[in-house]
Amino acid sequence: MKVQSSIEEAIKDIQDGASIMVGGFGIVGIPEKLIDGLLRKGTKNLTIISNNCGIDDYALGTLLSTRQIRKMVASYVGENKEFERQFLSGELELEFVPQGTLAERIRAGGAGIPAFYTPAGVGTKLAEGKEVRTFNGKEYVLETALTADFAFVKAQAGDTAGNLVYNKTSCNFNPMMAAAGKMTVAEVEELLEVGKLDPNFIHTPGIYVQRVIACSGYEKRIERRTVRASGGN
Amino acid sequence: MKVQSSIEEAIKDIQDGASIMVGGFGIVGIPEKLIDGLLRKGTKNLTIISNNCGIDDYALGTLLSTRQIRKMVASYVGENKEFERQFLSGELELEFVPQGTLAERIRAGGAGIPAFYTPAGVGTKLAEGKEVRTFNGKEYVLETALTADFAFVKAQAGDTAGNLVYNKTSCNFNPMMAAAGKMTVAEVEELLEVGKLDPNFIHTPGIYVQRVIACSGYEKRIERRTVRASGGN
Amino acid sequence: MSLTREQIAQRAAQEIESGFYVNLGIGIPTLVANFIPKDKHVVLQSENGLLGIGPYPTEAEVDPELINAGKETITMTAGASVFSSAESFAMIRGGHINLSILGGMEVSVGGDLANWVVPGKMVKGPGGAMDLVHGAQRVVVIMEHCSKNGQPKIVDSCSLPLTGKGVVNRIITDMAVIDVAETGLVLKEIAHGYTVEDVQRVTGPKLSIDSQLKAVAVL
Amino acid sequence: MSLTREQIAQRAAQEIESGFYVNLGIGIPTLVANFIPKDKHVVLQSENGLLGIGPYPTEAEVDPELINAGKETITMTAGASVFSSAESFAMIRGGHINLSILGGMEVSVGGDLANWVVPGKMVKGPGGAMDLVHGAQRVVVIMEHCSKNGQPKIVDSCSLPLTGKGVVNRIITDMAVIDVAETGLVLKEIAHGYTVEDVQRVTGPKLSIDSQLKAVAVL
């Protein structure tokens, strides 16, 4: 069945050189525990597809310190000094994708759409070498689907059939990645029996999730804590 | 504001010759009251984009009796004798689209994707004259986005900001049509103040809905009532 | 002796493995659900937007907003989910459905399927069949071996408009189980009472005979 | 006198009409939210998957799973909705956002925008800017009129890598409001204390002067 008894079991068959999609935007909605597992396992030469690459000592940033990542596909990697060092020294390969194109390429991967046209990037470096085509007088660039050997996603709650529900803006890239991963592993804060989640409000249907594991002790670090004084706005 | 006081007001600016997307699968999740309004208004020469065309005396079928529909874009029109008569006599134009392609073309329309490739229809009459292209050794056909002047959708509940929630399999084509209609009108069984719907579980964000109207007295006819004896299965 | 509709459905149910996500077409394929053993964990998908089709409802359970793709009133299993048609066909097109069992009017030696245009009748449209035949990991067609006037429905080349080219993996009929292989059609199983020659006589293309040729195992 | 960052944000807020759905970029554009009059009904979208950004939270309200695209902790308004990144950019790409207000490093006479590669610094990536400039119905860029060493940032042709070609509708700087028109750049408003010549001197392309030329109205 889908329920895993440990993080180790959930990622046991990930080999050096694997491609892995990792959910999250910034460090919100990231699969903290699966990333930690990968760090402990020491798997190398990874291709990571994720909107960002964590921060220096947290999230995907930790896998940079240990040089486990060979290639990164992302839209923005701003918050990481080690990333910059490895990239400038040529140790790390990097593919930038506009954020909406990244989301749509992953969605296409899960949905069996091999390629689609989008306006983002037309006339920029990121469209160089790609087919550009005009529809209704506007130019669009052809972008292809992304899939991966594994997808790591994080949900608030899940059930034993693999159905998932996300909390607020921790949703982000997780649903598309769940669908685009050949082997999707979901870590959840609350693992329920089937029938406990309302069928009308499932964010990721269980068909997309091959493994699910209940985790606890989430750090959920905050990147930019911005507050207002009580009472004002 | 978005809230309409009558069906008449909600559809007041629909002109002869308009294109209208109409939600529903079979006769489930159809915008009953907006279709009735169109019947009363008598608007003619309509292009209707809808998975099916109702049944003889209900749903879109009623607009056929009054000859208000000039062209139908659908995946399946099986349950309607008047449809057959008008089509065979040449009064009605018909474009068949595979159901998944129809759903995706509408989704693309709302999402600003002008065209995409799909395997459905390759090598069949429905791909004749369309570009076929090979990706990773498999053939795909290029399909273009669909939008419409209006979209009529039906939701279980909505709020004054236009957020919508659907019930069970009445969801179907409604969410994509809400996004692909230039003017989207939603009829809801329950109209709530903003803040009453859980932000985590909105099916159609309010940005896609320009008008919303509370309706009651739904017929919700059943096309094929199939039952089992109590206790068995 | 020819298998009954129920026996064809029963044989088709043997294609389903525990853990499978399955889409059953309209008509005889819908009957297949009745023959899935209770000890197999199988989830049925309906392309109108439901994963986890349950049994038909009792009179008291009938919900006009809960139907399958055949527009029949149904129920949901525990663990079910509902979603839009775009999500449903993303699921189908994306290869997440392990098996699709569909009806057929003609299947060619190359696995082409024709099942959406009925000769002499108004064309009702492809529905979701054109998407399903390309999306599902495996496509099994169940149909009568011959047309009503005795003509083979398994042919060298389909005469009816196609639903998909090269999409069928296996054909289950009232006479036989036949695989579509790279090398052509392979006869895998024969219904009780028929010979290889009986089957070949009403099959257009030449059949290879599987070395493990068996009788169709149905009750 | 040059407008302050707050005054630029205040002027930019005047672009927003009641009923608008607006995406504000990171940096000064985020400040614009503070200047939207309370009587205007405006919904702010954040491309990480939120429609209906509320004010920053109080300490007690801080939720690590509720952030904007600048990764700041925020709150939600009544009527807000959250969704996936694919849905968020479907919303953006599909033309549902009335207005996008973004920062800029260079804007060309043809409305090309460069704002994702900072000279001499490691390239951090485009984020969502390349999608936003094509998707929003109207794109307004707010920036300093000149670079730190006094060079014009409004140019004949961008020297920095582009974010989008021909995408900017209006530029709001500390000196002026300039529209990108078919015929070239049109000076619409001037900050108090500057002349047309002052603005032209630090602007690359030749400016047309709008017949209704006004002073920028800020406090």
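Labels A, B, C and D are assigned to the chains in the order they are written; within every chain, residues are numbered from 1.
Just so it is clear, a residue touches a chain if its C-beta (ideal position, glycine included) is under 8 Å from a C-beta of that chain, and two chains touch if they have at least 3 such contacts.
Worth saying up front: this structure is predicted, and the values here are computed from it rather than measured.
Student: By the contact definition above, name the pair with the higher C-beta contact count: A-D or B-D.
Tutor: A-D
Student: Would you kindly tell me how far, in whole Å, the mean C-alpha position of chain D lies from that of chain C?
Tutor: Inter-chain centre distance comes to 55 Å.
Student: Measuring centre to centre with CA averages, how many angstrom lie between chain A and chain D?
Tutor: Between these chains, centre-to-centre, one finds 28 Å.
Student: Could you tell me the distance, in whole angstrom, between the mean C-alpha positions of chain A and chain B?
Tutor: Those two chain centres are 33 Å apart.
Student: For chain B and chain D, what's the span in angstrom between their mean Cα positions?
Tutor: 36
Student: Would you pick out the residues of chain D that each touch at least 2 other chains?
Tutor: 76, 82-83, 89-90, 92-93, 134-135, in rising order.
Student: Specify, in ascending order, the residues of chain A that touch 2 or more different other chains.
Tutor: As it turns out, chain A has residues touching two or more other chains at 104, 107, 111-113, 118-119, 167-168, 199-200.
Student: Using the contact rule from the top, write out all pairs of chains that touch.
Tutor: A-B, A-C, A-D, B-C, B-D
Student: Spell out the part of chain D that touches chain B in their complex, as residue ranges.
Tutor: So the residues of chain D touching chain B come out as 21, 43, 45, 51-52, 76-83, 87, 89-97, 134-135.
Student: So in the complex, which bits of chain C are touching chain B?
Tutor: Of all residues in chain C, those touching chain B are 46-50, 55-60, 62-67, 69-74, 76, 82-86, 88-90, 92-93, 112, 122-132, 134-135, 161-166.
Student: Which chain B residues qualify as touching chain D in the complex?
Tutor: Per the touch definition, chain B meets chain D at residues 107, 109-113, 159-161, 163, 179, 193-195, 199-200, 202, 205-208.
Student: Write out the stretch or stretches of chain A touching chain D in their complex.
Tutor: Residues of chain A touching chain D: 25-29, 51, 74-78, 84, 87-88, 96, 98-104, 106-107, 118-126, 167-176, 203, 220-231, 233.
Student: Residue numbers of chain B touching chain A in their complex, please.
Tutor: 104, 108, 111-119, 135-136, 138, 140, 144, 165-168, 199-201
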